[in-house]
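The letters A, B, C and D name the chains in turn, as written, and every chain counts its residues from 1.
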Amino acid sequence: MTDALIALVALPLTAALLALLLPRIATALVIFSGLAITASAIALLYGVNTAGALHYELGGWTAGLGIALRADGLSAILLLMIALVMFAASVYASAYFGKASERAQFWPLWLLLWTALNALLLSGDLFNLYVTLELLGLSAVALAALSGKHAAVQAALRYLLVGLLGSMLFLVGVALLYAGYATLDLATLTQVVKPGPIAWSALTLMTFGLLLKTALFPLHFWLPPAHGSAPAPVSAVLSALVVKAAFYLVLRLWLDVFADIVTPTAANLLGVLGAGAVLWGSWQALRAERLKLLAAYSTVAQLGYLFLFFPLLLALPPGPARDVATGGLVMLALTHGFAKAGLFLAIGIVQQRSGHDNIQELGGMVQRLPLTTFAIALAGVALIGLPPSGTFLGKWQLISAAIATGQWLWVAVTAIGSLLAAAYIFRILGHAFGNQPYPHQAVAVAREEWPALLLTLTATLVLGLAGAHVWTLLENGS
Amino acid sequence: MNATMLLIFDALLLASIIGLAWAALASADARRSVILFIAFGLLLAVAWGRLLAPDVALAEAAIGAGLTGALLLAALQWQPRKTADTTNSEQPTHTLLETGFRWLVTLLCAALAGMLAWSLTQIDAGTAKDALANAVAANIDASGVSNPVTAVLLNFRAYDTLLELAVLLTAVLGIFALGPAQAGYRIAGPVFSSLTRWLTPLLILTAGYLLWVGAHAPGGAFQAGATLAAAGVVLRLAGRDQIGLPRGNALRIALGAGVGMFLLVGLALFALGRPFLGYPPAWAGALILLIETAAMLAIAATLVSAFIGGQPTEEKTRC
Amino acid sequence: MLTTQWLYALSGCLLLALGLRSALLHPALLQRILAINVMGSGVFMLLIAIAYRGPGMPPDPIPHALVLTGIVVAVSATALALALARRLTREQPHD
Amino acid sequence: MTDILASLLIMAGLFFFMAGSIGLLRFPDLYSRLHALTKADNLGLGLLIIGLALHLRDPLIALKLLLIWLAVLAAGATSAHLIARHARRREKHV
């Protein structure tokens, strides 16, 4: 069963090398390895569900001297989301990049990004996490700059510098923890870490670095230009997965490793920043003129929800009540991942067919691109949090917990954020369903439309209807 | 007496390092900043040597100061020199808000340094701090090499090094995607050309030596790769077209060689029923040398490619 | 900690703070890239100081290995940043 | 006895380094600065290396030190030549 842990890192990395050496068959390679990676992710999830958390000591050295890969319910679910979203986006990308030379540059970097995501989710070692963060950051930047347009390169450069700053702060925390506890293994550290200046400083620095990378308000300034100017499949995974990886690490550090160190005050601070992100991001999305910028600001807002409920989680005593709320948070992250990836892919189709993505000029889009418009609407359902989307389930659990513990502020922010989301989604749909004749020859390609549609369907229907399994998996896999 | 002398040496060295960093970052002139930064890197190498970290000192001198320095100096060619109006006044005018922001950032940075220093006072002496160092010493015989740093890099924490080679590969592929290489330099005159004629083989020889010696003494794939890359940089500066960098498919193989060999060895062992990257002790030394040789070639090819700033444009790419 | 360790560890903190300040405030791109490298050197100094055990004692090899990895990662990131910056200067927008 | 000789050689080498640095800072134009720098460097480093070789008394290390000296000598001479030539060309153009 632990073979899946190795496969999830070795498969995309091997495929990246092969795609580099054999550019002609790279597309087939990506699809084939994508299937294999998805199968490994399913196997891992099955293993975690039946046998509990898994770990693998690389090179046969005990963790501490060596590095261990670890997976529990949380990481296994997120790994499956990564596999499905990356696979769908790969199918989409095979049609999106027209020229063979473009694909030759794209595929190796794409697979390196996939390697980085999987490696980050599986790593059980602090310094190894730093290396995976850098691998993720550099591959994301290289992909974001791929179009070579001035705006894209400029945004990518800023993205790179911010990301480097973030990982540097993370590394200071790692150095401090090594100085204090002489270990880099997360599991060992969980047991030995004690409240005190070392743990506090390290947690502050690492959290700050990761918040920069996950673009929590007001550190989000770099995100909209970078996500808004990358090629569509790249924007999709940047918004859906890459920022989530940093969020996952914050969650891991706060709820697992430093569980005894974090204080309610610190959690409240994160909650307030999250509230700021929800309100500011939604407001900016409402005012955005381009579809891609709207989607990027919506990411800022949706990431806000993930932090909004941190104070709530820490106010609950460790145990079943907290696990239920944590499940709600994971549900929000999952739904947003699928919905936002689908939304960006659909926007990519609109942009390619119309030659622009100005919201004002989308009138009549539904006549020519019915499936694409439908995918955007489905993504909207998930972003607003209407039933039966996964967001609805997640918010329901979290709001119930917030009411039970009397934390009304977070409830109010969620309500306002959902209303604003409804406003910006209906603004797009209002234009798209307009009666004007659509001026462009729009022939949609199935390889592009279906991934977008399936991703948004997963967010609205599959996660909503099969949501209960997420909680079971989290419980079984701990 | 000896201790006092060393203390004075440490104080002077650290004051120079901090002073150079300050001067490099305070300057508005890009050329000045880069030259001071290279000097900063060289003094850092001295500091690593002083703290008994010769492996790091070699890497810092070769990569941190050397190759990074070469990249930065090449960047000066297209960097806009400082604009005329900021040359004379060291302090450009700021609005009140900007001044406030600058002070806020400065205070926050000072607070960060203070917080770190305070945390460092809380480290308990002794307890467990040698646990991992002892574990390395206890297992070094099974690692296949006797240099503990190489043992950590290529055996105990080999997975880190695998991903690090993937980082290098990502960077060079990202650079290639941005466009073709920069135009080369003029053919050098007789003096410089004659220098390259014997310096290049010497650098290649040194790289081989560093690679071999890394098993039991300071050295290894990274230092060797950087030295090999230095040979390419010197040839490039002398205006040569052929700088030892392969083209087309061969270049791609060279760039991926480090990750490829690592994966090949790791997965082959896995298929034979051993842990992923778990070398059998009897074979460990040979396998590490094999991986390091491939890694050295990949590092050298990557660093030279980064220096010329893109894919070499001899062969037309077929679309 | 030993006096030597203290001296170098504190200098590392200082370099980190210096680098961070310039990374946030310096107007020029090249110096901001240098500043992030200086920050990295500060962390490396902290790690190497932690590894030191006094004259004649073998130091802890693990931080040394981490710093070696860190140096290579830093040069990769610097190279990519410089390539992006070159692309920007080569293609100013024609407005 | 050899240790005293070694110390004297090293100190002499350091003296030349110091003189070279002062020359670099105080001399009026580029050519005399280059002169001060290269002469002092080559001689200073040579004395330093002989001193170190005497101190360590290991033929293999002495050989490596000699190699370093030769490499620095060649690199120093070449770069001084390149800098001077560049400066000369510039003067002609102005």
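The rule we apply is simple: a residue touches a chain if its C-beta (ideal position, glycine included) is under 8 Å from a C-beta of that chain, and two chains touch if they have at least 3 such contacts.
All figures in this text were calculated on a predicted structure; none of them were measured in a lab.
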item	value
Between B-C and B-D, the pair with more C-beta contacts	B-C
Approximate Å spacing (C-alpha centroids) for the pair chain A, chain C	29
Between chain C and chain D, centroid-to-centroid distance (C-alpha), Å	30
Chain B-chain C separation of Cα centroids, rounded to whole Å	11
Junction residues of chain B - those touching two or more other chains	112, 116, 120, 123, 129-130, 132, 136, 157, 160, 164, 167, 170-171, 174, 178-179
Sites on chain C at which at least two other chains make contact	16, 20, 46, 62, 66, 69, 73, 76-77, 80, 84-85, 87
Residues of chain A whose C-beta touches two or more other chains	127, 131, 134, 138, 141-142, 145, 148, 153, 172, 176, 179
Which chain pairs touch, all of them	A-B, A-C, B-C, B-D
Interfacial residue positions of chain A with respect to chain B in the complex	6, 10, 13-14, 16-17, 20-21, 56-62, 64-67, 99-101, 105, 108-109, 112, 115-116, 119, 127-128, 131-132, 134-135, 138-139, 141-142, 145-146, 148, 153, 172, 176, 179-183, 192, 196-198, 200-202, 204-205
Complex interface listing, chain B residues touching chain A	112, 115-116, 118-123, 128-132, 135-136, 139, 155-160, 163-164, 166-167, 169-171, 173-174, 176-179, 249, 252-253, 255-256, 259-260, 263, 266-267, 270, 274-279, 317, 319
Chain D partner contacts - residues on chain B that touch it in the complex	189, 191-192, 195, 198-199, 202
Residue ranges of chain C in contact with chain B within the complex	1, 3-4, 6-11, 13-22, 24-28, 30-31, 34-35, 37-38, 41, 44-46, 48-49, 51-52, 58-62, 64-69, 71-80, 82-87, 89-90
Chain A partner contacts - residues on chain C that touch it in the complex	16, 20, 23, 29, 32-33, 36, 39-40, 43, 46-47, 50, 62-63, 66, 69-70, 73, 76-77, 80-81, 84-85, 87-88, 91-93
